[in-house]
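Structures are listed in the sections that come next.
Below are two complexes that have chain A in common, paired first with chain B and then with chain C.
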Partner chain A sequence: MEAVRLKLIQEQRISDYIYVLEVKTLTGSLNFYHGAAEQLRFKHQSFSLPIRFTAPYQEVGMYRIFIDTYFLTDEERLNVLNQLRTHDFQLECLSPLSFVLQPNTQKVLLFIEEIALLESLTVMEMLANLHIDMILLVTDELQITGKQINYKLWQDSMPTAISFQNKDVHFLLSWQKIGTHIFAAGAWPMVDRLKRIAEDVGFSDELFQFKGYGEMTPYVFCVRCYKLTKGNQNTQVQCEHCRTILDVSNQYSKRLGAYLGNIKAI
Partner chain B sequence: MTSGRLKVIVKDIKYESPSVKSFKLWSADDSLLPRFSGGSHITTYVMYNDRLIERHYSLINDSKADGYYQIAVQRSEQSRGGSVYWNDYMKEGDQLEISYPRSHFPLSFEAKHHMFFAAGIGITPFLAMMRELKKQGKSFELHYASPSREMCAFFADLITMYPRQVHFYFSSEKNRMSPKIMENQYIGTHVYFCGSAQMMKEYAAEARKYGYPAKNIHYEWFETQHTGPLNAFQVKLGRSGKILEVPENESLLNTLLACGVEIPYACKIGGCGSCQIDVVDGEVDHRDSFLNDEERVAKKVIIACVSRAQKGIVVLDL
Partner chain C sequence: MENRELLQTKRAIPDTPLLDRFPFPFKGDSYRYSNDSFKLEPRVLLDITPEYFEEIELKRNILKDRHEHAYQSMPHSMNGQWEILEFIVHEMVTQHPHYFHLEKDGDHWMFENLLLGERQSFTFGDASTLPFEPLDFIGRHVQEDLFYLGQRDGNLYLDAGQLCFPNNWSIGFNIGTPFLEFHKPVPEFYSSRMAEKVLGFLMRMEAGMPFRRPSWTTTVEKMLPVFRESFDEWSPKKKNVTTENAGNLVYLRVEDQRLFRLPGSNGILFSLHTHLISLEELTQNQKWAKQFYHVLLDAPDYMSEYKGYLPYKDKMIAYLSKQIESIS
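Then we have the complex of A and B:
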C-alpha cells in the first residue's frame, strides 16, 4: 500500500503543549476520517507522541491533526516543529478514534477532564464537522473557551463549555431526550460516576461511550444488598454497605462495571 | 397428554367487540395454572377438519394472581382455520391442549417509561403488561388504533382502568395513530409495537430514526416475515454424514423432526431463535426475524423453522 505523506500548511499552538496542524496529503489517504496515531515519522527521524486527527476537508485531501508535546523535552519540541515546517511526514501506528458516532444521533453531551483534552478536541471537531448538537461539560480546571485553550478556528462554531463539577448531573441527564448520547473522556473515577448516573437515568450501553484514563478502580457487586464496593476479582472483600464477606468471582458485568461478589460460605 | 403441554377447559366465552371473543382457560384437573409474565403467549392445539392447528395467543389476564389463562381471538376473514375455529366452534366446556407460557416479548426492566402501540387485535399482549406495570406503580402509556369505537376490543375496560394512560385512535373518526408520538420522548423510554407486520416494521424504522437504541425497541411477530419460494433443498448432517431432502413447501425443522433428529423449537415463525443450528458449510437464505444483519454475516447459523438453502447443500453441525 502506498505510504500516506503529509505536508504542513498551517500550525497553531492552542495550549501549553497542544498544537493543531492543518495538513495536506501529498500521496494516499488515511484509513479513517477520525483517528489516532502514535508517531510522526520524517525521512530521517521519528517522534513518539499522542496524535489525533480528523478530516474536515477530506475530499480535498486536507486533515486537521492535534499533537500533544507534553512528554517531549523543550529541545525535542522545537525539533518536531522545525521538522514539520520544513519536511513532509507520515503518521504511524494508526487506529480509529475511541468514540464512534452512531446513526441517528441528535445530540451529544461531551464530558471532559483535562487528562483527555487531546481526544476531546478531536471529538469536538468531529461533531462540529458533522453538525451534531453538543453540550460541553468540563471540570473547573479546564475551560475550553477560556484562557487555557486559544483556538481561533473554533471561536465561532464551538459551544461554551459548562462546568459540571457543582451541577446536579443526575438532573441534567434525566431531562435529556431520545437521540441524545453521552461521550465521557477523563479519569476512571469520573467515567465510573457518570456511567452509574447515566444508567440510573435510563441511558443504555449503546448511548454511553467512554474513554477512561489512569488506573481503573475495580468494583464488586454484592449479591446480598446489590450495592458496589471497591475490590478486585478472585479476592475476598467486606461489603462497605451491608458488611457481608464476599468471595469475588472473575465474572465481570459490563453493565454494572463490577465483578460478582458471592456471599462467602462458612 | 403430550409431554410439555397442559390440558385445559374453556370457560367464560365473552364478546370483547363484534369480531373479538375472549376465552378463559382453566386447568382440566382443577389445579392452578402456572404463573407467567406480562407479554407471554401460549400455543393452542386444536383439531379442525382433521388437521392439527397450532396458534399462538397472548395471555391477557393478571399474570400473577388468577390461576387461569385468558386469551382473545379476532375472527379473521383471511383465517387459515384457527380464528374461525375459536370464534365459531369453540364452546364453554370444550377441552384442548396448550403449551406452557413462553415469553419472547418481555417488559424491559431497565425502562423508565413504557410506550405501547397497538393496532387492532395487537392490543392483547399489552393488557397483561399494563396490569403488571400498574401494580408496580411504573410509568406507561398506551396508544391504540382501531377501525371504530364499536370495533375496539376492551374499550370500556381500558378507559376505566387506565383513564390517564390510554389514547385511542379511530379511523372512523379520521384520527390516525402516528409514529411521530415517539419523537422527543425522554431518555429511558422503551417502545413496544404489536399489530400488522407492516405497522411494526414502520414503527420500528421510525423509532430508529428518532434515535431509540435497538434495546429500547420491542415487538413480536406472530407470522413469518420473509417469504419466498419454498424450493426443495438438501442438508447434510455433518457428524453422521447423513443427507436429508427437505421437500418443497416443507421446513427444515419439520424435516429434521420427522427424521428423528431432536432439536428444540418454539415459535415456528422465525422469531425466537430456539431452533438455531450451527452451519458448517453452505449458503443460507435467512428468512427469520430473529438474527440481525450483523449476526447473519458474523454467525454461521440457520433458523431451521423458516430459513432455507441459498444454493447447493447446507452442512449442519448435527
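Then we have the complex of A and C:
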C-alpha cells in the first residue's frame, strides 16, 4: 500500500503543549476520517507522541491534526516543529477514534477530563463538522480551566461543571431525549462511575461510549454488606467496610464495575 | 355462620402428601445438561401448596430483616412490575377465586387475600398507593420468587426481583446485569455455547406460550433461604452429613422455574418455586430413589461442585444405595 504523505499548511499553538495542524495529503489517504496515531515520521527521524486527527474537508484531502508535545523535551519539541515546517511526513500506528458516531445520534453529552484533552478536542471537532449538538461537561472529579486553551471551538463550548453529588448526573441523564448519546473521555474512576449511572438510567452500551485513561482500579463487591473495596479477581481481600474476608471470584459486574467477593469458606 | 364455615372449608388448602406433588425433575437414570425447558401446561404460574402459610411468613420475615438481600429493582422496571402485578392478580382471581378476590373501579383496585385475611386498596399504576413496589407487594402473597427480565438491545436484563429463597446467589450483585453475564459461573454454559442458545430461546418467547424448566440441587437441612450473603452460616453444615444421617439431613431441592412473556413491556416474568424433600421421604418412592441414585453417579464432579454437594456426594450415594438394597 502506498504511504500516505502529508504536508503542513498551517499550525496553531492552542495551549502550552498542544498544537493544531492543518495538513493536506500529497499521496494516498488515511484509512479513517477520525483517528489516532502514535508517531510522526519524517524521512530521517520519528517522534512518538499522542496524535489525533479528523477530516473536516475530506473531499479535498485535508486533515486537522492535534498533537500533544507534553512528553517531548524542549529540544525535541523545537525539532518536531522545524521538521513539520520544512518536510513532508507520515502518521504511524494508526487506529480509528475510540468514539464512533451512530447514525441516529441527535445530541452528545461529552464528559471530559484534562487527561483526555486531545481526544476530547478531536471528538468536539468531529461533532461540530457533522453538526451534532454537543454539551461539554466536566464532573467534580477534576476541573478544566478553559482559559489556557486558545482555540475557538473550545471557547465556544466551554465546559459546564456537573457534580456526582446529590445525584446531579443521575438527574441530567434521566431527562435526556431519545437520540442523546453519552461520550466519556477521562481517567477510569470518572468513566466507571459515569458508566454505572448511565446503565442505571437505561443507556445501553451503544449509547454510552468511553475512553478510559490511566490505571484501572478493580473493585470487589462485598456480598455481605454490598459495598465496594479495592481488589482484583482471584485474590483474597478484607472488606474495608464490614471486615469480612472475601474470596474474590472472576465474576464481574459491568454495572457495579466490580468483581464478586464471596465470604471466605472456613 | 354456616356460610362463613363453608368459606373457611373452601379456603383450606388441600393437604396433598408431598410425595404426590413433588416436582421430581429427572426423566431417566442419566444425567444430562441441556436447556430442558418444555411447554407449561396448564399455563399458570401459581402453585399453592400446604406450606403456603409458613412460607409466606418466612418470606415476609426475610423481607423485613434483610430487604436489600431479598429485593432489588432498577428504576426503569416500574412498568414491568405493574404488568407482573396485574398478571398475577388476574391468575389469582380466575384460578383461585376461593383464595383471592379483586374489585376494580377504573384504576382503583381492592385486592383481598382471603387465605391471610388481608385487604389492600391502591391505584393501579401509582406506586405511592402501595406499601411496597408492585413486584415486592405481590411477591408477599405467593410462594414463588419473582423476577422481571427487561428485553432491550438484543439482551435480557435482570431489572427487578424478589428473591427470598435463593439457592446460593446474590440478587444485589446480579441486579441490572445482562442474562449472559448473570450466568457466567455455570460450568460448560459458555463453552457449549449454551448461553447464547438459551438467550435466543428466551428472546423468541411469545406471549401466551409459557415455558417451564426444573432445576435441582441438594440442601443440608430443611432450609429454603440459602443466601450467598450468609454463606458462612450454612456452608459449614455440609460437614455434618454422614451416611447414617443423610436421609434426615439432606434435602433434594427442586426449583420449578416458569417463564412468561409479558406483552405490554415485552419483558419476561420468571418465577421460581422451590420445593424440598428429605432423602428419607424421597426413598419412599423407590423409582425416584433409584433414578436420583443413578443421576448422582452419572453427574460429573465439576457439576457436583457447582451445585455445591460435592463434599457429601459420596454420603448421599451410600445412603441411597443402602435404601434401595434394603427395600428391593
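What we mean here is this: the second predicted complex is superposed on the first by the 222 of 266 C-alpha atoms of A that agree within 3 Å, B and C clash if a C-alpha of one lies under 4 Å from a C-alpha of the other, contacts with A are read in each partner's own complex, and residues count from 1 in each chain.
Operating definition for what follows: a residue touches a chain if its C-beta (ideal position, glycine included) is under 8 Å from a C-beta of that chain, and two chains touch if they have at least 3 such contacts.
Here the structure is a predicted model, which is why all the values come from computation and not from measurement.
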Contacts of A:Trp175 with chain B and chain C, given as first, second, both or neither: first
Contacts of A:Asn262 with chain B and chain C, given as first, second, both or neither: second
Contacts of A:Phe203 with chain B and chain C, given as first, second, both or neither: first
Per-residue contact with chain A, leading partner among chain C and chain B: C
First (chain B), second (chain C), both or neither touched by A:Gln106: first
Touched partner set for A:Tyr226, first chain B, second chain C, both or neither: second
Chain B and chain C contact sites that coincide on chain A, given as residue numbers: 174, 201-202, 204-206
Partner chain C, residues of chain A touching it in the complex: 174, 199-202, 204-206, 221, 223-224, 226, 249, 251-256, 260, 262-266
Residues of chain A defined as touching chain B within the complex: 103-106, 173-180, 201-207
Interfacial residue positions of chain C with respect to chain A in the complex: 68, 74-76, 152-153, 170, 172-177, 181, 184-185, 228-232, 235-236
Residues on chain B engaged by chain A in the complex (per definition of touch): 110-112, 182-189, 208-216
